[in-house]
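In the two complexes below, subunit A is the common chain; its partner is subunit B in one and subunit C in the other.
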Partner chain A sequence: MKLTETLTDLANPTRFLALTARILPWLAGATAILLAIGLYQSAMAPDDYQQGATVKIMFIHVPNAWLSMFVWGVMSVAALGTLVWRHPLADVAAKAAAPIGAAFTFLALVTGSLWGRPMWGTYWEWDARLTSVLILFLMYLGLMALWRAVEDPSRAARAAAVLTLVGAINIPIIKFSVDWWNTLHQPASVLRMGGSTLDKAFLWPLLVMAIAFSLLFITLHLAAMRNEILRRRVRSLQMMQASRVTFASEAAAGPKEIGAA
Partner chain B sequence: MSALTALIRRDIRIALRVGGGALIGVLFFLTVTVLMPFAVGPDLALLSRLGPAILWLGALLASLLTLDRLFTADHEDGSLDLIVMSRTPLELACAAKALAHWIAAGLPLIIATPVLGLLLNLDGTATLAVAATLLAGTPALTFTGMIGAALAVTLHRGGLLLAVLVLPLSIPVLIFGVAASQAAISGPLPFGTPFSILCALSLASLVIGPFAAAASLRHGLD
Partner chain C sequence: MSLGPYASFIVTSYALVAAVVLLLIVWIVADYRRQRAHLKEIEASGVTRRSGRSAADIR
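And now, the complex of A and B:
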């Protein structure tokens, strides 16, 4: 009940702006501190007996890959907010999340490819996980193209919400089929039945980095939502101004015509 | 029910008449298939190895090309608004339209497959396998593509945007369609496994497609 009340409160963009203005510096600070700790721990982590120092790419790569899917989840919730609850900030949240998600996915691809070079001897391997992340990246780009295709934000929001939900259903199917298609990548090793196979020396920095990156996402997302709200205000002000100018010129032109007739 | 049958019959009739454009899909399919040997060389052994993949890609692109017309023509002459406002549930109307589109534009592709198989040096079993997988898989392409068509018509943007939205969603169909054909031709996997997954994909899209398309039409048209 408390949560719904808070969400309803935040439907007022001014209140949302005021709240985030207070929260954002703290979030940014926490992100910076956690990132520093995580990076230090990653740098101090021992080399792998097989992979050597390249294993440290993992501390950047894995959080990015986690977030690439988490952001789509956030967008799906926002899409439900747009279509079902008609929350006014939901489409702002969905729109702001898409480029950030695409960036995380892109970073996951780049770091994965850099990791693949020393490990597999090639930058790109049509391996199942890399491929499904690449498809996820394409879907993010498609979604952003959809957002950019229409001028009216609320119209674009409903279309993007439908596509986001369809994507949320389809992403597991795509992942499954790509897995079926080709498997070279190692199976999941952090979260699985019977505990993690990852050594504690690697697990702790990884967890810290994962939390730090999640905080980074929240910070960037809130900031992007603020920007989007302000951008929409600017847009509506510009449209009001434009219509005022048109009316004024019409009013100025009007009497002359009558006078000429 | 009679409203839906009427809708299906009307859509098929419009698609097959002059200006309908359903048969252009087959022509496009033929042209793409004929282009492939120019790209990979006239080596018959290579062509028969790539054959199922070429046919599947051609069918995928051809069905994508004709999808653009699924809602646009109705939107232009105003009948889409009548369909949205009518008493028949919009989901069922969308499903009927997609079914009609599949009969008019998808089935001809499957009928054309044996001829194109000859051009690609596919033997009888291989052609039969490709035709069977296309028969099982093209409904999935039409029904997921319908979502993209509905989005495109509400945004007044077609063409490339539709392709960008729909193609990633059709990857599973492509994977299992080609896998089932290859399994029938050379093994080692049994034909049944990927083929039944392909059927499952079609059935799932039969459920998801109409709902998503109806949602985007309902929210998007004003």
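And now, the complex of A and C:
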């Protein structure tokens, strides 16, 4: 009951703006503190007996890779919100998340590549994990292009929501690609049946960094949602302004006789 | 803290993540300022929301 009331309250963009104005500074502060702790722990983590110091790339690569999939998950829930519940903020949430998700996916690809060169001897390999993440990155770019191409936000919202839900098929493919196919990329070592195989010296900094990056996403996402709400207000006011100008110029031209020669 | 023979790969990774995250933050802050400026400009021209409340007042 309480949750339904909260969701109904948040459906009102004005209330959403007021609420986020209050919580954003706290979120930003918590993100900065956790990032600082995570970076310190990452710097202090011991070298791996096989990988040496390159294991430090894991502390930024893995959170970005997790978030690349998580953000698409958030967008998929928002897509359901647009198509099924017609929640007024669902499309705003999806549109605001896409560039942030694209940035995390880009970072997962590039840091993975920089980690792969010393460990595998190559920057890139067309294996199932790397290729499916590249497809995810291209899907983010495609969605962003779709939102830009369609001027009417409500029409763009429905098309983007359908595309997002179709693209969600790629998420389990990315997650299980290392189990289903023979890949150069290693299998899951944290989120797996039977528990993590990582030593605590690596697991703790990784978890702190993962929470810090998740908080970073929430902070950036809420801020980007606020911007999107303002952008839509600008658009509706500009349309009101344009219709007033048209009405005024028609009134100044005077009444026209129908069928005049 | 020694980063070993692959220090350049590690430093480049961290620098790139920092640069992209900073870029995201700057882009979002700049976008917020741009939208607020647009709203104030339109409202100054006499166009207001049907509710009568200022669109730029979001607190």
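Following the convention adopted for this analysis, the second predicted complex is superposed on the first by the 242 of 261 C-alpha atoms of A that agree within 3 Å, B and C clash if a C-alpha of one lies under 4 Å from a C-alpha of the other, contacts with A are read in each partner's own complex, and residues count from 1 in each chain.
Please note the rule applied: a contact is a pair of C-beta atoms (placed from the backbone, for glycine too) under 8 Å apart; a residue touches a chain by one contact, two chains touch by 3 or more.
What you are looking at is a predicted structure, and each value in this text was computed from that prediction instead of being measured.
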Which superposed partner A:His61 touches (first subunit B, second subunit C, both, neither): second
Partner chain in contact with A:Ile23 - subunit B first, subunit C second, else both or neither: neither
Winner by number of subunit A residues touched, once subunit B and subunit C are compared: C
Partner chain(s) touched by A:Ala248 [first = subunit B, second = subunit C, both, neither]: neither
Touching partner for A:Val234 - first (subunit B), second (subunit C), both, neither: second
First (subunit B), second (subunit C), both or neither touched by A:Arg158: first
Touched partner set for A:Ser177, first subunit B, second subunit C, both or neither: first
First (subunit B), second (subunit C), both or neither touched by A:Ile33: neither
Shared subunit A surface residues [contacts with subunit B and with subunit C]: none
List of subunit A residues in touch with subunit C within their complex: 14, 17-18, 21, 43-44, 47, 52-54, 56-57, 60-61, 64, 99-100, 103, 106-107, 110-111, 114-115, 117-118, 216, 220, 223-224, 226-227, 230-231, 233-234, 237-238, 240-241, 244
Subunit C residues touching subunit A - in the complex, by the definition given at the top: 1-7, 9-10, 12-14, 16-17, 20-21, 23-25, 27-29, 31-32, 35-36, 38-39, 42-43, 45, 47-49, 53, 55, 58-59
Residue numbers on subunit A that touch subunit B, as the complex places them: 83, 135, 138-139, 141-142, 145-146, 149-150, 155-156, 158-159, 161-163, 165-167, 169-170, 173-174, 176-178, 180-181
List of subunit B residues in touch with subunit A within their complex: 144, 147, 150-151, 154-155, 157, 161, 164-165, 168-169, 171-172, 175-176, 179, 197, 201, 204, 208, 212, 215-216, 219-220
